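The letters A, B, C and D name the chains in turn, as written, and every chain counts its residues from 1.
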């Protein structure tokens, strides 16, 4: 089972990079998952952007702390079953955090979790939330995918090792920078600390650098805006999972700088 | 001018990985810089470890927040001129934060800085510290190297763009995970968010995972220890800087998994 | 039912202040509760200090994040039933977080909770932990006392209002500074943001100021030590709870500067 | 010289409480200082609210991190000389952080500083900013007043002791809860950790509790609104400073619950 996974999609440039890549990859992979917490103008997601992503061929969407930035999400998150928010948001929060899905005749689970370290102390324990969900779903399938949306590398690696042998794949999102530590762990779990964002490369992790620099120079809060150069970058991973064992057999980074001209030719 | 740069060296496994790599690279590069904040048992540096690193062929050492973990450092940091601590520690702090050096007949500057975002609010502004040092040293040479030791990807990228065209190279350390975003920025500055650590790969960023997991499961403070598997990993970068323009012409990641057998053959 | 409550007891000076006050108050109150997270040399608690506090007339002890600082606590916390650690530490953590007790023929509950905001993201939700315990114990008694150990005033006030009408008393600890906002809330819950510490007044919240100032001036980690002037201060509250309704009828601060001479006359 | 000092004024209820108190105190004190970071609807200050406060008899205004919340402030902060923002915002930030003023024939200095610990890492060191300003202004007068706007009690006490003997008065703001630790320190500096807010008492530090509780229960960001009960509370301090020595001779808290009926009679 071949997966195409993208990290945080940053606004329009991110969606353009994704569309470009899916033109090439959609037909040759079984499953496409992307993180949409910054998909609409850098802040959250709207119904329109959700539809746009579906039309490109995205199968499933995960998210993170920014999913609530655009209030429109409260209007449709409970009506769709392919858009997740972290499962360790407390009971009663709109949306769902995991699901059992089927693709190409293979049943699998996708779980979205969020780290707490230096990020948000108001969530439930992601390690224990995983245990609980695993307990429930592991009778159904041995293919278990986890988007672990977190800030610190220590929480991400600790979780990867914690889930090693139970999850098929643990990939990180949220820092917007791809890491070069993809690996198949000791007990068969594919792991990478962060898939990285898709959007404009010469930027403050996808946003215009001016405001970020201003913040660090002055301490005055700034309004951030998506960077909008015409060249874009895609960051993702390609993962091969053995449908019988549920183990990852290969995990590789997929990074592509896409020039304006290339985009024009395709989109 | 060819640079060999390593990120955080984690205890003995990190030093072994470094020694292995330097056997191969020392002769073919002009300059070797490593970050030593975790070099002695995972916490700071001792005189003995400092000597060991010098004997391997390390030219210059940088560091970060963990440099004070082993109190021995206070005894020799002011006596050596090739071991830096972040330059934006306030006036009066032992050690030095930058220096003008010469290697293979080329004069250059190495600056060590530390980010404040989600890391340490007690430091001076690293952006302005850079401005001040740049003002002073840029008459001497146009080769300016920066180890930016920081937690958040936004502060690191913002700094990279801020220094673009003034620094020859800005490389990040501290998160212990190598990032796959190495690039030559618009105005010629080589940049990477984090060089990554050297040490044991299957670990909580170099330390035994048991205690890290225990911390996340229970909230009880733990005593961390360096992971000690026999296979190790090296993470670093190779950088080519044009000595006339001071621009980076190439920056590539250098990552090597080194098996026990390979180490034995060489060390 | 009359309660004598002390906040964080800071090392020996704090214990001396407490002993002095209990000589006067032990006989005229029904119940004595103190927070012991800093009772032994400023860091945690030992068996010996535990015994010393019992011998003074302390009925029940609560604690907080520093309870694990002295590893000796792991040896006896499960053997005593009058020493609590926050109840929202995850399952499996040594010790207990609440208990049903009886004093002067009145049954009551004491719950120890810890806030997460700017303090520790690894704990369970204190609001929901309270709900769960309340559900269980409210059939037994309507006298429910809560030590809410937390950093931010917003989390403390939010919890006070959340528990208003269910808890008899919510008092804060951890910041070491007494607040002047004691009040009986709308539905009968006595509330104060922080009871304050007992120890030396002219200090960095009980510790020698030199190291704290040094930290803020240099960023270098320091080893903190309990301040040891001979004059001490006691901070606590006196609370009157109606045993029939379980409501607080009066809550007042009790603050006493105790001079060396006074201490000598009594201890 | 008699000072009337108020902490954070929270929106309209806070301004009403202040107006009520100034009707009684304006004539009998020499100087009125209030912190206005939450004066306009809970978020920053507008020109209109500034005028309203002046018309009540406020002499000088200080602020803190929330001063930039309402962008209107950028339009007039450089045109008035009686509204300060923390002096340790970096160079180039609009507004001023301290000033030499004269009242009743007495020259004095007011300095506004902001702590960094758990609050904002982008500011300059408040301890050193104080040193620098003290160096400059101490030749002009020995009456030096400091609003130290900060989160942690340790940073506030450490600063109080650091400035003891140089500042006439160090009072804290920002936590919105009054502390009961007012004291004249060893070398004559009046000190209190937090003056506390003025506004509605039964609230999450001045704001409606519903959203704060919701945040702690769900982790979903909320839009906070000023609480608007008709009863209000005033928290402030009265300080007596000897104009010859510059020492504080008395510091007392001034707290008043003001019922709707009382307000109506006066406003």
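Going forward, a contact is a pair of C-beta atoms (placed from the backbone, for glycine too) under 8 Å apart; a residue touches a chain by one contact, two chains touch by 3 or more.
Each chain and its UniProt protein: A, B, C, D = Metallophosphoesterase.
Since this is a predicted model, take the numbers as computed values, not measurements.
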{"item": "Chain D (Metallophosphoesterase) and chain C (Metallophosphoesterase) - chains in contact with each", "value": "A, B"}
{"item": "Pair joined by the larger number of C-beta contacts - A-B, B-C", "value": "A-B"}
{"item": "Intercentroid distance (Cα basis), chain C (Metallophosphoesterase) paired with chain B (Metallophosphoesterase), Å", "value": "44"}
{"item": "Centre distance in Å when chain A (Metallophosphoesterase) and chain B (Metallophosphoesterase) are each reduced to the mean of their C-alpha atoms", "value": "29"}
{"item": "Where chain B (Metallophosphoesterase) touches two or more other chains, by residue", "value": "90, 117-118, 120, 122, 125, 128, 215-217"}
{"item": "Contact footprint of chain C (Metallophosphoesterase) on chain A (Metallophosphoesterase) as seen in their complex", "value": "90, 116-122, 124-125, 128"}
{"item": "Residue ranges of chain C (Metallophosphoesterase) in contact with chain B (Metallophosphoesterase) within the complex", "value": "68-69, 89-90, 92-93, 120, 122-123, 215-221"}
{"item": "Sites on chain C (Metallophosphoesterase) touched by chain D (Metallophosphoesterase) in the complex", "value": "117-118, 125, 127-128, 151-155, 157-159, 161-162, 175-181, 183, 185-186, 193-194, 196, 201-205, 209, 212-213, 215-217, 235, 253, 255"}
